[in-house]
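Listed below are the structures to be examined.
What follows is chain A paired twice: with chain B in the first complex and chain C in the second.
And then the complex of A and B:
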């Protein structure tokens, strides 16, 4: 079937001014940084207007024009600002090489329904730019921390050396500090001692209770659920205050056991929620079949039920682990100096602004959380597959 | 086992012929195999099942009750508890019971005598400073009053009484005589104040691990004895040596206290002690809403001390701003995520989940790095020439910092519920609206938006609940103007040590959160709480 294609003369009056305006904005930025905003604005305007007109009307191969534009921007960038300028130039070059032809050849419409009005097309792209900006807002803080943790200076900001991509500006000294400083090592040791034990406690009790809660007849189910979920609802500062008062009454304040107990309580809702969610899709006839075949309740639990709900248990455990591992408010109050955990050490560091080692620790924690996120996601898919719900 | 047997019985009864069945029905209730009525054994089976469920839940329930619920209850208790005054100043509280504080005179000599006895024990136990700081919450100057006088209490001229009594009956200088005296019920009832003081003394010594018999006597015993002899309807007692106190040189305790610190003559101070003598007080709650209770009833605190209502207001309004900001930023993102093809949406979802999973401190430290005056945002703006190097923007240690950082931190909690609701809205509805002639805006506002309201409700309440209880982020990027009520609670727990006030503030916050949570349960349901996609 022959497709209907519109062959139009490129609409110069539309795209050249648009590209020129974009160029003007960019020129203004560059000019402003150099102290000559007006010159930059005019330069950008004229340069992009000329480039857009010539490249699209000359009839040469698009590919060659693209490379030409990129090269031009890189050279310009290096001339203005060395390495950084070169990299910025490369980025802008790639952008304009794409942008000019994207506008001129009406590619912006190629993936959209043909009946959309110009206004709708404009809104479509504006909306995406807005959402893109919000996503950048979400991710930038994390991305800023990563390079800063390799700072060679004791600053919380990018040094000129770093911006020049000078190897001198980068170092691993903050990581070295983290691994050699006794304070940080003690904090790491405490975190590693507290989180797994708290996790074990919450997973052990939590799984049992979740199984109990998902029985068909449970008296006071709502009330029990509300109590078990409450550590997640109550603001941490209130939990911390209450635990501080109560644990100092019974002599647990400032002890390792006290912190473990508090963290286990905070992790329990996560275990309950994930495990009961897994049990919702659990086929009870499997346990009945096992019982019918002569398995006692313990065997049935260990051999039939447990393997099936294991993904839920593990991801609940991971949630509990990360809760304890990241927790700072409660440990600040319930713990004493000898239970100082990593987040606590970071918190005091941030309050007193002592060293950028915090950023190195932050980077390590980001990597850990990426690993955990990947694990949980994998487990979730596996659990859905096991329960016969196809992943979407 | 029981279940299986039961089922067999039921099956059997159905296999019978209709005649037999009629016979069973007419014979009375249906029976299980062991002869019990079916209804009863069914109930028993159900009970067993319930018990099993409860047994599985019990360990965790007990664990949570001890490790979490008990602390919360303890906090609620502490917010009204006020035993410190009546525990440390029992005699004074008793002496003040009859005092009418409406005049402009401090109470009579008796109250000062009682205060002397109480303060002696308080100083010995080193509790006087604690009581001083407790009363200082209600009336300024109380802390230094107690501290200063605590040092002076041993130097009051009370040895006059001791030496006069010992001169009249020398055996009273021996501890053994006192022990014998105080072991006698009749004497005890004749000398109530002396007996109470002696009991407090022995209790204190036992607590300290000292031996009563070898510890030298203190002036308080003789003072108490003198007071009893002077005031008591004193029946002659064989055991007590005859003491004639009529010509004694006395001690004016009021003057002794006044010379230690004339704050003791302040009527306001005595009124405060009287007002806060009950074992339970609404005082902390009143304090938490900038009121105070004094002799004339409940009144607003002085202007300079009114901070909590403002702080609650700020916590609420900033949480509201943060919630709105999250909604504003989260809505478009969720919409796009819900309308993109699954593969792309999952990729973009990672950008939402990664901050969600990243440690709170990492994100807070990131914002500190970004927002401070020598930080990344300011550096970029200066480099681009938009901001002069000398006039860098102040985005941290104020409300702006708290709002920006907390919006970022709580944004995933808005996006995830919104996304899960929007995913269930069929795109055909909007298309149908448009094909019926609706404009883009009408189609969105009249068709799409109403369907996304449950998501907005869920996300907003969640973000709001989380926001009003935040502590870490405001503490680090909030400075003084950007802090929340939580920071004040933490301050009272760890710095000012006003635990009662911290507990009262916490209780108010807790009630607010629980009300919101109840609303959340109504809107979304507890069971619909989902974690990270």
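And then the complex of A and C:
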């Protein structure tokens, strides 16, 4: 079926300067890497202005122009920086091949309602760019760590071998160090022994406290709530110093149980907050109905209330677990050398010897965190599906 | 600092609590406090492993807390719960701990082994015993390393190269505290070496040192951990930087980085052990037994097999051999080797004990400007 197409002259005065400006910014980056920022800026500006004008005004087929642009950038990239330059060139080429025609053919409007003003369209894309930039800011530091952990040298440095993708520049020795070094293994064992127990305590106490505090007739509800969540608000170093002196006097300082208790205290506020949030939507007539049918309060709690507030309990528990697993300040005070946890070991390692073993550990922890969160999310969706609530 | 005062006041009350009296018993669990990294490893291999081989009932746990040892010992004493048995600290910290009564005062001849020829320990260590609580272990130095590929054809041979931005352009790393930096600045501003501390005692002298540092302030990366400068040198982010000579040895010989040491005007300092005050009799006996072994002539010489710090005993120097893993001769890498120590500065403990707080404040204010 033939489509009706509005034929209009591309608005050169709009898109050519915009593309040229983008080219100038990227040219500046490339030039900076080569030590000639100004040349890069000018080169990028002129090259992209020329490419944008010629490719859109000459009558040639769009797809040939696209492949031509990509090829041009790849060749230029290889000439400037070999393999890495070639890959960067490919990325730039693909971007510009798309960007030029996207702007020139007004494709940026094709998915938006036709009644939007230019300002609204501009904001639509600016907003997406801001969101993307925030994501990049949050993720980049983590992404940089991953390849560095495969460094063959003992420094936090991208060596020339690594940048050339030479296998010589990469090694698993920092991972080997983590799995063979008794200090790291002891730290891993301590973390794995402390975090789950602290989480169980936090979840138990936190859930009970949240349920109790949600009853309207508890006196001084607000005050008790404030005290219970204070570990989250008080600066950690203050809680840590206080715990140190208190635990020293009652003989808990430097013991496994002491660290577990301290971490449980830090985790409880997270559980209280998430469970309280789920209790807001909880229909109290359900417990009354259960009581009416002869269930005692414990059965009511276990069979009626608990399944309904379970998502809050689980996410609170997850926060409590991560708090304990990541915590370094309190354990430095309350623990002794034989309770060294992974974060403690990473902290001292970072201060005394900047060894990429820390990066290897960080990478492993990132992977574990991702798996953990993905599992919980999948379980949550599954249970929602089973209960017939559609995921939002 | 109010917190410190409170701690010290309560200290006097809590002190006598720990003095129990079981004789002849030795505790079996030891917590040793050190700096981590290659240095702690050298102590572990030279002292702790052979000691545990001889005393199989003993377990040793390392705590890498020497950096904050003074603060932690104060807190432990205040809480009446000293969990450390032997603590490795720099001499300046040992003097502070001794003054505050947090470290055990000892009679060196009674506590420590004599040299193999019978010279008593106090003579063997000589003037390195800078405090009644301090058992010297090594002599280390703070000095400069430079990238051989970034200094052109004329590698620096003079410490004042750090202030010469024309000949050696690029960033340099200096420690984020006044110690050593102020001395180097005055020396390079034309002050004679033996007058440095006299000049630095005056307000004009301090201003003069900071004015000299001002000339390179924009090109300085300030470090606070011993591992920073090696990392910056390996990155090529700095042309030259100060750090401990053992760190530089490891960068050059173990990591094979293009770095050389500039030994001119290296600042000597000491590191050693203290026993915390207020240990139970059994634990104190174990700490004494360990330190008697760990600071004898052979053990101190053995440590130099693993790290390039000079043993504190005069009688250990001739026994220094080759590196345990690399097989290279260690004597030329010692800061005390005659080729390296043509022009050195000995850190003045008394001066810094008196002026540290004032100059620290001035220096930090200058940094923030």
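Quick note on the criterion: the second predicted complex is superposed on the first by the 291 of 392 C-alpha atoms of A that agree within 3 Å, B and C clash if a C-alpha of one lies under 4 Å from a C-alpha of the other, contacts with A are read in each partner's own complex, and residues count from 1 in each chain.
The rule is short, and it goes like this: contacts are C-beta pairs under 8 Å (C-beta built on N, C-alpha and C of every residue); 3 or more make two chains touch, one makes a residue touch a chain.
Just so it is clear, the structure is predicted and the values come from calculations on it, not from any experiment.
**Student:** When the two structures are laid over each other on chain A, do chain B and chain C clash or fit?
**Tutor:** clash
**Student:** Please indicate which partner A:79 is in contact with in the superposed arrangement: first for chain B, second for chain C, both, or neither.
**Tutor:** Neither partner.
**Student:** Hey, is it chain B or chain C that touches more of chain A?
**Tutor:** Residues of chain A touched, chain B against chain C: more for B.
**Student:** After lining up the shared chain so the two structures overlap, which partner does A:35 touch, if you call chain B first and chain C second: first, second, both or neither?
**Tutor:** first
**Student:** With both complexes superposed on chain A, which partner does A:157 reach: first (chain B), second (chain C), both or neither?
**Tutor:** In the superposition, A:157 touches chain B and chain C alike.
**Student:** For A:244, select first, second, both or neither according to whether it touches chain B, chain C, the two together, or no partner.
**Tutor:** Once the two structures are laid over each other on A, A:244 reaches both partners.
**Student:** Mind working out whether A:336 is in touch with chain B, chain C, both or neither, as first, second, both or neither?
**Tutor:** After superposing on A, A:336 lies in contact with chain C but is clear of chain B.
**Student:** Would you check which partner chain A:351 touches, where first means chain B only, second means chain C only, and both and neither mean what they say?
**Tutor:** both
**Student:** Under the stated touch criterion, which partner chain does A:12 make contact with: chain B (first), chain C (second), both, or neither?
**Tutor:** neither
**Student:** Considering only the touch criterion stated at the top, classify A:302 as touching first (chain B), second (chain C), both, or neither.
**Tutor:** neither
**Student:** Touch check for A:376: first (chain B), second (chain C), both, or neither?
**Tutor:** It touches chain B, and chain C stays clear.
**Student:** Can you tell which stretch of chain C collides with chain B among 96-104, 132-140 or 348-356?
**Tutor:** It is 96-104.
**Student:** Once the two structures are fitted together, what part of chain A is touched by chain B and by chain C alike?
**Tutor:** Residues common to the chain A contacts of chain C and of chain B are 155-157, 241, 244-245, 249, 350-351, listed in rising order.
**Student:** Please give the residue numbers of chain A that touch chain B in the complex, ascending.
**Tutor:** Within the complex, chain A contacts chain B at residues 29, 32-33, 35, 37, 120, 123, 127-128, 130-131, 134-135, 137-142, 144-145, 148, 155-158, 201, 205-206, 208-209, 211-213, 215-219, 224-247, 249, 261-262, 264-265, 268, 270, 273-274, 277, 319, 322, 325-326, 328-329, 332-333, 343, 346-347, 350-351, 358-359, 362, 365-366, 369-370, 372-373, 376-377, 380, 392.
**Student:** Given the complex with chain A, which residues does chain B contribute to the contact?
**Tutor:** Going by the criterion above, the answer is residues 46, 49-50, 52-57, 59-61, 63-65, 67-75, 78, 329, 332-333, 336, 342, 348, 350-355, 357-370, 372, 374-376, 379, 383-386, 408, 411-412, 440, 465-466, 468-472, 475-476, 486, 489-490, 493-494, 499, 502-503, 506, 509-510, 513-514, 517, 526-527, 529-533.
**Student:** How about chain A: which of its residues touch chain C in the complex?
**Tutor:** So the residues of chain A touching chain C come out as 153-157, 241, 244-245, 248-249, 253-254, 336-338, 348-354.
**Student:** Contact residues on chain C for chain A in the complex?
**Tutor:** Touching chain A: residues 31, 35-38, 61-64, 67, 75-76, 78-81, 83, 225-228, 230-231, 234-235, 255 of chain C.
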